[in-house]
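Look at the two complexes coming up: subunit A is in both, with subunit B in one and subunit C in the other.
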Partner chain A sequence: MSGDEIEEVDEAEGRRSIGEILREQVVAAGRALIFPAVALAIALLVGVVVILITGNSVIEAYAALLRGGFGSRQALGRTISNATPLIFTGLAVAIPFRGGLFNIGGEGQLFIGAIAGVWIGLTMPGPGPLVAFVAIIVAGLAGWIWGAIPGLLKIWGAHEVITTIMLNFIGINLTFWLAKNPLSGEGAVPGTGFVPEGVRLTRLGGGLGAAHYGFVLGIVAAIVAYILIWRTTKGYELRTVGQAPGAARYAGMSVAANSFLAIALGGMFAGLGGGLESLGTFGKVSVPFISNLGFNGIGVALLGRNHPAGVVLGAIFFGGLAAGAQQMQFSTGVPLDLADVLLAIVLLFVTATKLVEYLLGRRARTFAAGTRLEKGLAG
Partner chain B sequence: MRTPKLLAALFALALLLAACGGGDEGESSGSSDASEPAAATSEAAGGASEAGSEGGTSSTDASDVMAAMVTDVGGLGDQSFNDSANAGLERAASELGAQKNVLESGAPTDYVNNLTQLAQNNFSPIFAVGFLMTDAVTEVAPQFPDQSFAIIDSVVEEPNVASLTFREEQGSYLAGVAAGLMTQEDTEFTNPDDKTVGFLGGLEGPLIKKFEAGYTAGVQSVCEDCEVLVEYAGTTPEAFNDPAAGQEIALRLNDRGADIIYHASGATGAGLFEAANDRQFFAIGVDSDQAAVNPGIPILTSMLKRVDNAVFQTVEQFANDEFPGGEVQTFGLAEDGVGLAPFGEFSDLVPSEVTDAVDQARQDIIDGNVEVPTEPQQ
Partner chain C sequence: MLEMRGVTKAFGSTVANDSIDLELRKGEIHGLLGENGAGKSTLVKILYGLYKADEGEIYIDGEPAGITTPSDAVDRGIGMVHQHFMLVPTLSVAENVVLGAEPGQGPRLDIAAAERAVRDLSERYGLRVDPTANVGHLSVGVQQRVEVLKTLYRDARILVLDEPTAVLTPQETDELFTVLRGFVDEGLSIILITHKLGELLGVSDRITVIRDGKVVDTVVTSETDEAELARLMVGREVVLQVAKEDVEAGDVRMEASDLIVDGASGEAVSGVGLEIRSGEILGVAGVDGNGQVELAEALAGVRQPRSGRIELAGEDVTALDSAAMRARGLAYVPEDRGGKGLVGEFTLAENFVLKTYRRSMFSKIGWLLRNAIRAFARRRIDAFDVRPPNPQASAASLSGGNQQKVIVARELAGEPDVLIANQPTRGVDVGAIEFIHGQLLEQRERGAAILLISLELDEIRQLADRIAVMYDGRIVGEIDAADATDEQLGLWMAGRGGPDEDQPTGDDRVRS
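Here is the complex of A and B:
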């Protein structure tokens, strides 16, 4: 978690001691974490009420929640497995957001990537690892295309919020149609057949259950996204267009081209996430398929303040909460829905920046950087 | 100005925390007591099952049975097979003294996790409710060969998995008999001039085709020149959850003369009920006694799918060391796995010949005199 503003100052001065820089980094990270931490604390307090209403012990329930998310190798495996696609769908929201666009289309982009990956996995001959490699690339490309469509429509004046929502319906139903018709497989669960064993992503092993190497790719993707957006000229343009389109235009940057790039990149990440999920976790696309990963990506991005490092942490938090809720359901009978309640409250407070500003004072405003929705909707 | 606000907020937080902390302490003593016996019994159960397998034929004490189920994404409260399976487990708990645990699945990724979790905690038998879990059971069951699994509405070929399937066509046949006779009666809901009935299916596929086939055969067994109009709501899972489409189809079928419409379409059927209420024609419900939960709406009867009976019987078999692992169990009329609900509030409109004919058809099927098709004939 590093504050971008700080690092840019770094480059300008470049003469300060390492200790000073380190100190500032720690302060920046701390500031970045304050908002989610306060939100989490409030959510957990509300959760106490919910748990008491269900007639369970608060300590036992929260202990189970923690144990189920992070308490054992198996729990960690579940958390990682849940978090893997969310890193990608989180990036799919965060990157367009930095370019001034609000991508609601992660769900459709993920589905298109998932079916594209399985299509290659089922039909391409050759050694497993090579097929898997091509399949993942194609999944990313398919996502790129699905993100590029609203990018183009944006240039022609259609708002991306509307077009991405509409493309979700098309993407999801197109995927279902493909899975049930040309790619349909045998078996009781409707959907495609399983891709060959050699094409499926290798599991991490070490008692981590279903967690696969897609998680490692997720971390790599976050690093690539960071470098792309904060360490390249193109990324600088993209962020400038996002923050001040007028100034960017005055400086000779193309608002249209950068908006297009931002949302197509977002689509690519969602598509990659979908491909890894279908090739790694499931080995097929079933009907119905995993749902809401795209939409949860919005929450992950907000929680992670639209920063790649924050997205990774946010995804792990989301994944851990889902895994923990399952343990809580098993050990104490607290319904699965509590996890959703906690998440919703966390997101509510993370996004309700004005409220927390009121509570913490005006200084908190700087902590909230990167979470303001209006910035995303303005473009 | 800011500091007091911050202080006040912190103070409020601290108060809340203190209050909760107090509550926690009070409860934690109780809860730790509660958790110990649970751990103890699970050990005991593990010991018992070991003893059972070593001892060979010795019957497991039913109270040692730890039965569990995993719902599909429909979850509890679906008023359909998840609730029905849960009712079966509850009956097993109260009548056989079995322990029970129910895990709901929020997403398809949870299927494997939930099944694994239950298996690792020595639950057996573990019911996977719904064909959507077929792949998950195929993956998990071989990892726990000493424990028993059961899947509803699907077939998994593993030695420790019992596959519980239903003869929906048999129950639908009875619904067809009732519909075929009632459409020839003159009541406020039916018009004898138009010998037409309807079928509203959810997702078009082999499972719902079984309902259609049995229903059509039933209608034609009592009314050769009756016409059965068939429409499906769609080809995606959404077809089971689309009341608007259900209503539209029901109105269309009614326009074409259908005065009794049987649905096998999950929540889509709510649209049929609405249409039946507006136009005053008969609907026939599915899975559970839908007339009982929709009073005032002209629902003639319902085809019952007794997942609860299947679950209960399977737990009972497990307790008696007769678990049908590796077998496909079919629950039809004879096994009380399917049936037809009583005519309820409309029984006054139903002549005794109709109830007699339904009873006769039931007996004929049980005796094997009538073979009900599982695929539509056309």
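Here is the complex of A and C:
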């Protein structure tokens, strides 16, 4: 009955030359990097003042910072090990953001994932690799559920910023209770017992210290996220809902279902990050546990402009800065806090798009796309 | 009093303004005319300090104006009314008007003084508004008056209006033009951008025509006519009145009965029934806000009606969503291209498959076939002469008229059986209007059933076979296009002389 047959098209017509694609990618990458680069330059300048106030040599301090982050295999190992969970918590913010939601709940989702992973690691019988595999899956599922709750509440009208913050409290405290009660182990440090050695994630080796294969999984996760968001129909819907809910409705897409999916996926990534951290780096969940990874994920996502590739770079930057700051404190006596100051300034400028726009001229406006917070906060 | 000399502005490889000279005299209304994307908005944005020109100078009263920011422009007596209003909906009219230039000393806002000032201005220029009203509750026409008041409050002597009438009803347009004539009598000068040749001929003193970023000519309004202007704009003869073939109306393709549809603030459509036949255009006329949008959305499956029934070729489709309707051969051009029809930050290619991305030719098992999508976009772009012809361009970077072409090109792909078009030529230049009208008639000849909703009576009278008039959520009258008169339609549009009323009621509350 319907005459709605769109004429066939020849795919070859739509193919583009390698040169064209390459040029576009380079331009896009350049645009993406210019904002963080300017922000970093400003931060380093402010850092100069701080270092001078502490009475140290600027060159020495920054050299130590760089050395500590990337100067040796051990340094690189520390950076990678710091960056691993941040890739996941960064994705946990970036993907919901593409769907128009602001996920502040990475922290709680990460804790839930960590305890779920350890629970499997402690209780499931069987060969180590299999247990580790199941534990990671369960960690992701637990995070998914912790992200799905605000997704459901969103459909009923509760703003995700409020609900994810509340679920952070619940998730963190629930994790602590589980770690101290049903899953409690022996030892001086309160928390769960250690998972068996065979369940721990294999280290990368090569002199990289504590860095484990979770980092490789992080890269894989970023690639999967990229493909999901940009190459699949689901991702297309998710981005449409995030960019223009009116157009999504007009096209017959479900805004509710896609918002739900976006934040549940975010929760899954945070949960995976938590599971890898507990199974890989620590082998247990102690009380108090690693903290702030979820919140730092927000910074990583902002720095990476909510793009998976940017998230990986942002996580490495965050991780390197933290590792480098230790070295800097050790060899020059500049306090560790300088790293936090630098980070805060970088984030401030990356988010203060208007200000950088002003510095770079109006032309920079388009560069800011994707980092604007308002969009995520609006709906 | 204002002179722009050799103004040039390029965006990447697009030269939006190419050495433009423009002279604005004291006390004149100067029209700016040009195709979509000709560079009109760019030119006035440069004047207002929103863009920086690559080359060229601006003089006010013979002195270099030195405008680099909008506040410089305001200081030099330039006021601008943007196409998209810049008002704070939660503040009152008076608060909006004085925002950024508040009366009184120190941090305290002297609201009484503000209201007094607004009242004085609105009386002096005949711009009726209540200074205490909340801006969010005002109609578009009144909001526009607030924008104009804002510029007057800042002592503007040069007023720039970018497509102010695109959002107005004919009555509101007349009122606005009366006000503008009052301004020039007081010695103000006005730059007016509009795509409606008739309006420009009626109100302006001189008209500058821009094509591809260059000034083609500046003509004295009293010495020109529509045909000449259209030719200058487009660079060739334009058929202003498209020829309509006789087409025998066929079967009923779409039928709606007793539709009741809720809008944002209560019931918007109150019991509408209609049928559209193959090969005919049913025109729906009416003043904006009488339920047309909600009716169109209900028919297209975007909005679920509260009650009633919709049939497509005999099948009950009341409960279907817009993607399902599309799959059954229904195309829909919405009235709000920015908010509904397009995703601004997506590429044109992505926008071309907004409703059809699930088809097997565009995706396989959830995987987007990007080359196929791009190839399809490239074809539609060529067929509809969308500029720039680049499937990778973002929709937001296109001029308004080209955005509209993208939507029409997308919706008309694949020969739909039924087309619902709500204001398909809003904000579009004469060349593109000619093109879109031609497309609609072509679809009609092919046998499509078309519902054309428009605020422009001329458009409806030109294209429709039957004309229905909507007022207050109902169809108050329906007539064969051949028998329609402007008087009769006008009465219906004002809610009078409907079929249930033998006599006009003379209801005083209805202003016409």
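Here is the rule we use: the second predicted complex is superposed on the first by the 362 of 379 C-alpha atoms of A that agree within 3 Å, B and C clash if a C-alpha of one lies under 4 Å from a C-alpha of the other, contacts with A are read in each partner's own complex, and residues count from 1 in each chain.
Methods note: a residue touches a chain if its C-beta (ideal position, glycine included) is under 8 Å from a C-beta of that chain, and two chains touch if they have at least 3 such contacts.
Predicted model, so just to flag it, every value in this text is computed and none were measured.
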Partner chain in contact with A:243 - subunit B first, subunit C second, else both or neither: second
Touched partner set for A:232, first subunit B, second subunit C, both or neither: second
Greater subunit A contact set [subunit C / subunit B]: B
Which superposed partner A:81 touches (first subunit B, second subunit C, both, neither): first
Partner chain(s) touched by A:27 [first = subunit B, second = subunit C, both, neither]: neither
First, second, both or neither for A:287, with subunit B first and subunit C second: first
Touching partner for A:158 - first (subunit B), second (subunit C), both, neither: neither
Overlap of the subunit B and subunit C footprints on subunit A, listed as residue numbers: 362
Subunit A - residues contacting subunit B, complex: 41, 45, 48, 52, 57-60, 78, 81-82, 173, 176, 180, 187-190, 209-210, 281-282, 284, 286-292, 322-323, 325-327, 329-330, 335-336, 339, 358-362
Touching residues (chain side subunit B, partner subunit A) in the complex: 2-3, 5-6, 9, 13, 16-17, 20, 23-24, 27-28, 30-31, 35, 73, 101, 103-104, 106-110, 112-114, 116-118, 121, 131-132, 134-135, 154-155, 205, 235-237
Partner subunit A, residues of subunit C touching it in the complex: 51-52, 301-302, 313, 321-329, 332, 334, 336, 339-346, 349-350, 354-359, 361, 363, 366-379, 391-392, 413-417
For the subunit A and subunit C complex, residues of the former touching the latter: 1-16, 24, 231-234, 236, 239-240, 243-244, 246-247, 249-253, 362, 369
